[in-house]
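Two complexes come next, and they have one chain in common, subunit A, joined by subunit B in the first and subunit C in the second.
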Partner chain A sequence: MIVPIDLLLLLFLLIVGIAALWVKDLLAAIVLTGAYSFIMANVWLQLGATDVAFTEAAVGAGASTALMMACLSRVPRWEKK
Partner chain B sequence: MTPVRKTYKRNVIIEVTTNLMFPLILLFGLYVMIGTGGTGGGFQGGTILASAYILYITVFGHEKGREKMPESVNALFKSLGLFLYNGAGWICVLFSLATAQWLNMPAFWPVTDFVGVAGARSFLVGYMVSVGIGLTVMAAFVSQYFDLAWKEDDEMEGGEE
Partner chain C sequence: MMEWITVHVLEKYNFWIAILIIIIGLTATIVKENLVKKLIGLSIFQTAFFLWVVSLGDVGRNILTTWGLKTQTPPILWTEAAEKGYIYANPLPHVLMLTGIVVSAATTAVALAIVIRIYQKYGTIEEDEIIQKEMEFERAGVI
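On to the complex of A and B.
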């Protein structure tokens, strides 16, 4: 566990999470959620939990993003003001 | 349902890359499922297998995806995974590997004499349970994605008529 990399990853996590809440475009929100999952996988890797990192990368960044994309094709893309 | 040929712009790079990567992703999923010593496992490997199919369906559309993964094969995998998972438990019970030592079944079926209890147990935990979980997870994810893609096409047809 390297502390500067850890802090940098947590900073990225914070930025991506706030951006995913803030953005009005749902496609961008889904992509940001996938990026959040990927950074979270790196955090798990930093913490030494390779198993959980594997699951997070496969489920969170891969399958879940694809399923949300498939859902997005059935709802309007832009969030209402 | 009549097959509607959707006119979409084909991208040669994406199709060739998908065709190239599809078996490799499946192989990597199998490696994660049964190959690694410590990390990985059934759920992770199954999700990677499912993501290979999801990639294929996303690129080629659900009709060619159905050719790759028909409904019958999907249902077969879904129940075969449960069958393997359940069967590992039943083999443990019947051969007194982990749960029911008091039954003393090896006196009647001396399988563990030439396999060894540790070998049989590692086979059951490392391969049979993992493959069972992986197959069920893969089939469940793929059928979920098929359902979403299919309904979208139905609504589009209904909207056009």
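On to the complex of A and C.
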């Protein structure tokens, strides 16, 4: 574990998480959620949890994003307000 | 006092950030009107909670508290590293959170299917508009 890389990744995590909830475009929000999951996979690599890291990269960043995209193809793209 | 702050606050920074992200995700789940945004908030909340529990198994940093000097290895059998005094991460939280990730993907899938059904019935995924539509339906005696 390297402390500066860890701190940088956690800062990115916070920024991307807030951005995913802040944007009004749901497509952008879903892509940012995928980026959030991928940064989280890197954080878990830092914590020594290799198995959790590649499960997160496959399931969280891959499958969940694909499911949300599939849902978004049937509902409106823009959030009101 | 300074030592207490270092040991209990500064070195535990990943717990503080996990709590911050948990607060953000839970607030979004409650406050946001759009149902897809609610689900995104829920998934962020779940992932942040997993970060907290996996951090509990981060033995080198959170129990021995030496600013990362006790670098830990992934939980594998590695004799050379053990002879040099390296420790390995506690694998029990990893296994539990592995199950949690898969379950969270399944709950997201079911919730998205329900969102699609709600959109087919009400024509909107904003919560306040759904409540309005439901009251109209009740007045008309549809439901």
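Please note the rule applied: the second predicted complex is superposed on the first by the 81 of 81 C-alpha atoms of A that agree within 3 Å, B and C clash if a C-alpha of one lies under 4 Å from a C-alpha of the other, contacts with A are read in each partner's own complex, and residues count from 1 in each chain.
Heads up, the rule we're going with is that contacts are C-beta pairs under 8 Å (C-beta built on N, C-alpha and C of every residue); 3 or more make two chains touch, one makes a residue touch a chain.
Please read these numbers as outputs of a predicted model, since none were measured by experiment.
Q: Does subunit B (first) or subunit C (second) touch A:74, or do both, or does neither?
A: both
Q: With both complexes superposed on chain A, which partner does A:8 reach: first (subunit B), second (subunit C), both or neither?
A: Once the two structures are laid over each other on A, A:8 reaches no partner at all.
Q: In the overlay, answer first, second, both or neither for which of subunit B and subunit C A:54 touches.
A: So A:54 only meets subunit B here.
Q: Thinking of the overlay built on chain A, is A:66 touched by subunit B (first), by subunit C (second), by both, or by neither?
A: Once the two structures are laid over each other on A, A:66 reaches subunit B alone.
Q: Residues of subunit A touched: more by subunit B or subunit C?
A: Of subunit B and subunit C, the partner in contact with more residues of subunit A is C.
Q: A:30 in the overlay: touching subunit B, subunit C, both, or neither? Say first, second, both or neither.
A: A:30 contacts subunit C only, not subunit B.
Q: Going by the contact definition given at the top, which residues of subunit A touch subunit B in one complex and subunit C in the other?
A: 50-51, 55, 59, 63, 67, 70-71, 74
Q: Okay, in this complex, where on subunit A does subunit B touch?
A: The contact residues of subunit A facing subunit B are 50-51, 54-55, 58-59, 62-63, 66-67, 70-71, 73-74.
Q: Which bits of subunit C are touching subunit A when the two form their complex?
A: By the definition above, subunit C touches subunit A via 13-14, 17, 20-21, 24-25, 28, 32-34, 36-37, 39-41, 43-44, 47-48, 50-51, 54-55, 57-58, 60-61, 67-68, 71-75, 88-89, 93-95, 97-98, 101-102, 104-105, 108-109, 112-113, 115-116, 119, 124-126.
Q: In the complex of these two chains, what residues of subunit B are touching subunit A?
A: Touch list, subunit B to subunit A: 32, 38-41, 43-44, 47-48, 50-51, 54, 58, 141, 144-145, 148-149, 151-152, 155.
Q: Which residues of subunit A touch subunit C in their complex?
A: Checking each residue of subunit A against subunit C gives 1-3, 6-7, 10, 13-14, 17-18, 20-21, 26, 29-30, 33, 36-37, 40, 43-44, 47-52, 55-56, 59-60, 63-64, 67-68, 70-72, 74-76, 79-81.
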